[in-house]
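The data blocks that follow each hold one structure.
Each of the two complexes below includes subunit A, the first together with subunit B, the second together with subunit C.
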Partner chain A sequence: MANIAIQRIKREFKEVVKSEEVAKCNIRVEPKNDNFTELRGEIQGPPETPYEGGMYILDIKIPETYPFNPPKVQFVTKIWHPNISSVTGAICLDILKDQWAAAMTLRTVLLSLQALLAAAEPDDPQDAVVAKQYKENLEMFNTTARHWANVYAGATKREVECDSKIQQLKNMGFEEHKARVALSTYNWNVERAMEHILT
Partner chain B sequence: MSQEMKSQCSDEYHSSDEDMDEDINNYYEDMGDDNDVNEIQEDDPESFEFELLKVEDVERLLNESVETLCKAINVAPSLAKLLLHMQKWLSTDVIARYRQDSSKLLRDSRLAPTNVVQVCNSPFTTCPVCLQRCPAEIMSGLTCGHRFCNDCWQQHFAVQIQTAVSTGIECMFKDCCVLVPEDFVLQIVTNPKIRDKYQEFCFRDYVNSHPELRFCPGPNCSTVIRATERKAKRVVCKECNTCFCFRCGIDYHAPTDCDTIKKWLTKCADDSETANYISAHTKDCPKCHVCIEKNGGCNHMQCSKCKHDFCWMCLGDWKTHGSEYYECSRYKENPNIANESAHAQAREALKKYLFYFERWENHAKSLQLEEQTLDNIKKRIEEKVMNNSGTWIDWQYLLDAAFLLKKCRYTLQYTYPYAYYLDKGPRKSLFEYQQAQLEAEVENLSWKVERAEITDRGDLENQMDIAEKRRLTLVRDFLEL
Partner chain C sequence: MAEADDANNWKSTVLCRYFMHGACRAGENCHFSHNLEDKPQLVCRYYLNNSCAYGEKCRYDHVRPSKRISNVDCEKTQKPNLSTDSSQQSQVCSKPSKNGLLMSDGPTKEFHMVKLCKPNSQQNNSLPSGKTAEEWVRAAEFVPGQKWKGAGPGSYVEAASTGLKREDELTFCTESESDIITTLTEGIQSELCPYAAATGLCQFGDRCHYLHGDICDLCHKAVLHPTDEKQREQHQKECEKSLEEDMELAFAVQRSKDKSCGICMDVVWEKNPPSERRFGILSKCKHVFCLSCIRKWRAAKQFEHKIVRACPQCRVKSDFITPSLYWVEDDDEKEKLIQGYKDALSQKHCKYFDRGRGECPFNENCFYLHAHPDGRKASPKPIRRRRRENADGDIDIIGQIILWDFLEERNLRHLTAELDDLDLEEIFQLNFADSSDESDVEFDLFQY
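On to the complex of A and B.
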């Protein structure tokens, strides 16, 4: 990796990422290897959102040309959000693309992601299915997002009805995550979800 | 501008006292566009004045604009250039707006920030990108006041230029959109390869933002076309022979307008699967059912076995075509379609599209086949001249006929997308009438050109005259300018 990229990351760790301010916002980042090309990020779901109480793990890759090109960031923790793929964890966020500026830091990125969890942009979706639900049935979306936060991110609020419908499909021999995706996609309509899995 | 680079779409006919070989060569290069037998000039709806510029000519032209602006409003040349680029090279407009409110114009053009940052005067500051403490003399910045070390600038520029960004390079600060002028980049970037690339990309951006300029879309052609009005007119690049529309840059498409032809081409690309079966090169003779291959451009077919004359498109009897050609080129919509089921409507829509697509495609193919006819004519003339059977001048009319045929068929091809999108009504009826007239005369001309040596010269020239008149009438009545 280019000299400047390593230097920059190291300084970011020393001066920015480990600051008290960062701790207060409940974001964290740590290196996965010695040469700082791969990092593990963590953000806490913001309060008063379906993600509240959840902890989201991020996979961060630092390109050779950092900070002149943005880091590559993906959600490892599964999440139900219009701008994040429910399948791959890929993120649609302008600062990770053409709105990146070299003076931004990992801290800016993590805080922006946290802000994205608090304010989705359904008109610029990464996951069309999720975005559709968000726009057409916000209550259903919130329920689904809370359920995913509970199951995958350790948030405490359980969605009992969702759990029981998944159990229903599991009892019929369907795999749990597959059942969850199908039910989430078809607004928790058990029959349509089954139809979808079977076709 | 050198005089010989000046050009006009409907050039004068070649004088006969020039070197004949040279003349013929020019002729081939001209693609027949200057082959106006009728010499209709003043009210030629397709005539268009343009210039072909070389890269140096364009650079000179742009620099002149920059100099003029610098003198008028007293700004640095590099800033003036970016200002002109951002304001589409409308010098007078820029000068007026600058005098009215210079800071607003600079902000609107992203050459000044919305709010300026206080520049810190301490001898050492931290570069916000590499986070290193740097002495003030190796830090620099733009009008926004954001300062970074020169190493960071250099790498920023390299990364941007690598992804073909040039005039659009911005300050490195978060949410700062101030653009970096050319001289700032060139002061920092030392690598000659990257400098060259940067200047090349800038040039491309300047031409693209200039309303009077357009790159020739021909492969590997660096010619730039200049015309004072951005109209949907025919431009022919003399360097590479590409013939295109000045307004949208794709193949010339009269009488269809730019938006419609784009829609049509997208539709054809999307529906290519559906339309694939049309590409058949053989059909059966409607009378004796022998298989007939189409090997010329002409749609007037004659069965080699039973000598039956028929139309390749609709397989109708050719004898009735003279008077009823209308029925061949016009799509007859089901008048009750609005009351039919959605399924029937979809089928009807597809049928309609295929009708027009088939004709569009067929003329495109005929054009290719006519290219061969043209080659054959050239060869035959060469043989004749070699055998002292007349001179090039004697046989010139055959080439003229073949070129004119191409031109007429080209227009005819582009009448089909026009008709496809035209709403039902008297205008469509008139269009289809003229289209049918043109179609009939084009096929007559095609028939005669393929049999040129056994056709009487006067007869052939008469047919050329009729076909071109039909073409011009249609273009004049329907080409929207």
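On to the complex of A and C.
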């Protein structure tokens, strides 16, 4: 890896560790390997959103051409969000693509992602299914997102109704995650979800 | 005072020897002429001391300054100017020799030759009368291993410093010449001693022929002329100016030394190699970047033009960047820096325009010089517009279309395929990359 990339990541690493966001446990970064090409990031679900209380783990890959090219970031923790793929965790955020600027840092990227969780952009979706629900039935979207946050990101708020419907499908012999995806997609309509899984 | 002016007047028509060789530190204040048409006055000082060992072969002029001769007992009535006519000078100066007085060093040299090669040969009548063969016989004995204590100087340096002040030669020094020497000394006495001025120490102390000036309060050097008010004023002005410049530099250093680049995050002045320690000043914002980083960012191809043209911190678009050793933030200073940069570039020939042989896409907005070989500046080419009416009757204004472009494009398609995303600026940069460090500039095509 180019010298400038390593140097900068090491510097940024120190910057993130010292930053007040870390002090408030909002964001965190730790290296996965010695040469800092792969990092593990963590962001807290922003307050007053369905993601509140959840902790989201991110996979960060630093390209050799960093900082002239953006880092590759995706969610490891499963999340229900219009701009993040519920399947792969891929993120649709302009600064991680064509709007990147060389002066941006890991800290700004993580804070931007936190801001993205607070303000979704359904018109520029990564996950069309989630975006559709967001636009057509925001209440349902919030419930689903809260449920996913509770199950995958450790948020404390439980969606009892969702849990019971999943249990229902589980009892019928369906795999839990598959059942959750199907139910989430079909607005927690058990029959349609079952139909979808079977076809 | 009048004496000093007088002494300076003859200098004003004499070409300054430093200027003659390309640089004079005194600049406009130099007492000597900075007009290349004036002749340099290079009178051999050893000759004046009657001790030039080179004689006629000396590269300096063997003439006496004629200025004061006319005042004294030479029959010349009009005042001959020192630097005007050398034949006149030699005429003046050859006068004593007509009277049988040997002033040129030619014979002196001959004398040396005789001394070294033919000590027993017949005495030449033209030799100085005092030195006869008998004296040769009486010469000090040469003892090996000891310094020879002969009459002549032991070395050239000795000769130069003491001069061959043989009694018989000193007798040749007529009244007019001693007057010349006095005049020269007087001229010297109106000048400041360079040693005292530069270091405050002059090894000759009170015996120095030159003036030891008063000490300047600002630079603490003995550079103020005791009587020349104009010089004092001039020096004080210069001193204040240089002090101001020093202060500005100190501020610039203070400002610059801990600034770190927003891209590599290194402190710019601590980057390695030291050639990297330069700022790339954006014209429209005040964010700090080192020159290499910001250039690399602006050359990035993976992003849209407007993204890389913008500051990576604030996204304000700047049309060009200016290299600078110091960090510049103040608007006025920045303007000065940019203007200086543009001025420097405008002295260099544009490689595209190629002194009229080529075409520069930047046209009159190019920072580089568009001039023809005869020095004539190129007038901006008018932008040719073409109108085209489409099927709906709307009129489009389109740019210049040349058939050759199409033909060439078709022929070279396979070649240019890989150069497709290389935009004009890059070509521009590549082209200038080798010419000089400072010369690569980036800016947009304003007119398109």
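Here is the rule we go by: the second predicted complex is superposed on the first by the 193 of 199 C-alpha atoms of A that agree within 3 Å, B and C clash if a C-alpha of one lies under 4 Å from a C-alpha of the other, contacts with A are read in each partner's own complex, and residues count from 1 in each chain.
Here is the rule we use: a contact is a pair of C-beta atoms (placed from the backbone, for glycine too) under 8 Å apart; a residue touches a chain by one contact, two chains touch by 3 or more.
Note that this is a predicted model, so its numbers are computed, not measured.
In this superposed model built on subunit A, subunit B and subunit C take up the same space, so to speak, and clash.
In the superposition on chain A, contact of A:12 is made with both subunit B and subunit C.
In the superposition on chain A, contact of A:88 is made with neither subunit B nor subunit C. When the two structures are aligned on the shared chain, A:102 is found in touch with subunit B and with subunit C.
Of the two partner chains placed around the shared chain by superposition, neither subunit B nor subunit C is touched by A:137. Shared-chain residue A:67: touches subunit B and subunit C both. Of 260-268, 332-340, 350-358 or 368-376, the segment of subunit C whose C-alpha atoms clash with subunit B in the superposed model is 260-268. Overlap of the subunit B and subunit C interfaces on subunit A comprises residues 4, 7-8, 11-12, 67-69, 101-104.
By the touch criterion stated above, subunit C contacts subunit A in their complex at residues 262-266, 287, 293, 296-297, 300, 302-304, 307, 310-313, 315.
Every residue of subunit A that touches subunit C in the complex is listed here, in rising order: 4, 7-8, 11-12, 67-69, 98-104.
Every residue of subunit A that touches subunit B in the complex is listed here, in rising order: 4, 7-8, 11-12, 15, 65, 67-69, 101-104, 108. Contact residues on subunit B toward subunit A in their complex (touch as defined above): 128-132, 146, 148, 151-152, 155-156, 158-160, 170-176.
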